[in-house]
Amino acid sequence: MVHIQRREVFCAAHRLYNDALSAQENEELFGKCSWEFGHGHNFEVWVTVKGEVNPKTGFVMNLSDLKALMMRFVIDPLDHRHLNLDDTFMKGILPSTENLAIEIWNQLCEPVAEFGSLLHCVRVVETENNAVEYFGA
Amino acid sequence: MVHIQRREVFCAAHRLYNDALSAQENEELFGKCSWEFGHGHNFEVWVTVKGEVNPKTGFVMNLSDLKALMMRFVIDPLDHRHLNLDDTFMKGILPSTENLAIEIWNQLCEPVAEFGSLLHCVRVVETENNAVEYFGA
Amino acid sequence: MVHIQRREVFCAAHRLYNDALSAQENEELFGKCSWEFGHGHNFEVWVTVKGEVNPKTGFVMNLSDLKALMMRFVIDPLDHRHLNLDDTFMKGILPSTENLAIEIWNQLCEPVAEFGSLLHCVRVVETENNAVEYFGA
Amino acid sequence: MVHIQRREVFCAAHRLYNDALSAQENEELFGKCSWEFGHGHNFEVWVTVKGEVNPKTGFVMNLSDLKALMMRFVIDPLDHRHLNLDDTFMKGILPSTENLAIEIWNQLCEPVAEFGSLLHCVRVVETENNAVEYFGA
Amino acid sequence: MVHIQRREVFCAAHRLYNDALSAQENEELFGKCSWEFGHGHNFEVWVTVKGEVNPKTGFVMNLSDLKALMMRFVIDPLDHRHLNLDDTFMKGILPSTENLAIEIWNQLCEPVAEFGSLLHCVRVVETENNAVEYFGA
Amino acid sequence: MVHIQRREVFCAAHRLYNDALSAQENEELFGKCSWEFGHGHNFEVWVTVKGEVNPKTGFVMNLSDLKALMMRFVIDPLDHRHLNLDDTFMKGILPSTENLAIEIWNQLCEPVAEFGSLLHCVRVVETENNAVEYFGA
């Protein structure tokens, strides 16, 4: 088993605000992340796929295929969007980095499996100091 | 003359949209940067100050003073804000990286001068591929 | 289970020298790391915590809490200190990067558990070429 | 058990081309990576070794020993070479990043074991967007 | 005047060898860079353009235009090529990083001027330790 | 004129303390940088040399020569040393980053000139947030 990793970046706005809570509770829980108009990040997404090396290609999975899946299912939908307001797969989900990693996993898990490989990890780097990793349920 | 440089980071949302133009012109000029709800970045700000080295301290300017100026005049106002919608020094200004660098210069020029040093350059890094430098008028 | 990661940096001096050994043995084992007055590094500390995502917050653990624990138990004690000479939790311990990772784990393990999360990994990056990871005993 | 990691870099040319396939099949599989004269990368190699911490040294394994093994068995043979054409341990092997990681593992596994440590992972970073990890058969 | 900067990366092979000199002289001058089959790098290219900010757009020059020029005149020709052997604008030129920066300047100078801006600097980063900057004749 | 740049790193301890001042004044001026036993950094040194490109080599100056000068005059003397206590060219000089850049310039200026090139800039990066540049008197 070998792990391959591909990185892509998207730039998006988001706001941490739980509509089921009061404004004051949101302020206490999320601080400046809860402010009304949102803020944003350059989100780095690292996807790890594992599998056997195909002797014909030397590849676990062609990185150009993995890149195409990431562009189609993650980057094109989210890039230059507001994760709370735009109509993407994050709409209606509290856009914490944790939930973002889980939902990116959910987008990619089946498409990667159709290539005969296994999705192993989704890593989302929100700032140079914060990151999340999800390895599936 | 020696140059000293200090970096700080803020996370903000913005949208490139000129209200004097039609929606179609904005789309043509700014593409995905013009989308309605905005997107965001981790903006790195590098400030360069120049001056003589004070023999008592070995410093051009104490970096803890420069950091305090950057926090007060740039990072605290802009961090976790939407540059088009929140009430900051960018309000009403098309928030391109160029204009951001110029306005950060305008915020810092006098406060740095009050410390007996000269502001030399403001560098704003918007993504790992894009940056702007402003050296004053 | 989701993993969250937070990075903080501290700047410290240290010296690799085992008092139970002769000067010559120390020189042979540790080379330039054993020199009398010590040297130093910008040490990056990455802490990984794992747990379930709280549906109310979207968080495994609030990163502002994790940051506060890291500042209180690791960064404030060690930053701008000499790990052999100053009175910190490293005093009396051979300050290799391995031992540093283990002792940072020991500082953080219980405080993280009190937040209902599990400490998973402490990573200490000593230089751009050297790092250590500890996952607990 | 503690993990230690050492990074070294080598600069090499390679070409992805399977001699058992036609030129057209190679073009379809490998695209621009198959072009006749090859291209190149700054390959980063991260080696992870695990073991108990020796109380005498505070080390799992002396990083100067690990560095020496990496230089002797990996960097000196591959640096400034063409992986398809020069006479190295990669000669005759399709030089995908996957195969490179596996062969570097094969070079280092026994030499690391002779130091009483266990090779845990070989990570090869081909570009800032692509990497491979191998943990042994 | 504001400076804007755009980064792109290409991966190429090259060899430092002056055909007007003997093999021994090449070995003495260029060492391992002169070896027969070449080696390679991930070359980062930073292009700096300067000009006035257009009040309509907030831009010195639209970065999507600058990116398109860099792709057309630099990255597409050089990416995944061997700078000595493939038929690019570097053919017949000793492909030192200095000459690469100069020739990239020559490719971009006029196309940038056609957009009403001035090419200010071409920076080529060959490895994390080596870089060249060219500011024109 | 072309600029070439070479980076090297050294790891050292230092303390900001002016013996002509009282302990209290030092604490006020330098804060935690003045603490008794010192702290340390991974100091990155970027040296920029400028000159004409030699048509025989394609080089302003052979980077292996520049590297050798940096190792001999800067890195070997300072690496793994305490800048206040060890007997180096920094002994007796308040080891601020500014003074470090100036003294590194003083070490390298003549040796670079002997190769027929001009030292243009010494950049010292103390942390990821702080740097100093010196361009000569």
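Going in written order, the chains are labelled A, B, C, D, E and F, and every chain counts its residues from 1.
Definition applied: a residue touches a chain if its C-beta (ideal position, glycine included) is under 8 Å from a C-beta of that chain, and two chains touch if they have at least 3 such contacts.
Not measured: the values here are computed from a predicted model.
**Q** How short can a path of touching chains from subunit C to subunit F be, counted in steps?
**A** Step count on the best path from subunit C to subunit F: 1.
**Q** Matching B-E on over half of contact pairs, by residue number: which of C-F, A-B or B-F?
**A** Equivalent contacts to B-E are found in B-F.
**Q** What's the distance between the Cα centroids of subunit A and subunit F, rounded to whole Å?
**A** 41
**Q** Report, in whole Å, the distance between the mean C-alpha point of subunit E and the mean C-alpha point of subunit F.
**A** A distance of 28 Å separates the two centres.
**Q** Indicate the residues of subunit B shared as contacts by at least two other chains.
**A** 128
**Q** Testing understanding: with touching defined as stated, what is the shape of the graph linking the protein chains, line, ring, star, complete or other?
**A** other
**Q** Would you please name all pairs of chains that touch?
**A** Result for touching pairs of chains: A-B, A-C, A-D, B-E, B-F, C-D, C-F, D-E, E-F.
**Q** Considering only the defined contacts, which subunit C positions touch subunit D in the complex?
**A** Within the complex, subunit C contacts subunit D at residues 16, 18, 20-21, 29-31, 94-99, 101-102, 128-135.
**Q** Where on subunit A does subunit B make contact in their complex?
**A** Spelled out, the residues of subunit A in touch with subunit B are 9, 11-14, 32-33, 35-42, 79-82, 85-86, 127-128.
**Q** Applying the document's contact rule, which stretches of subunit B touch subunit F when the two form their complex?
**A** The touching residues are 1-8, 48, 53, 56-60, 62-64.
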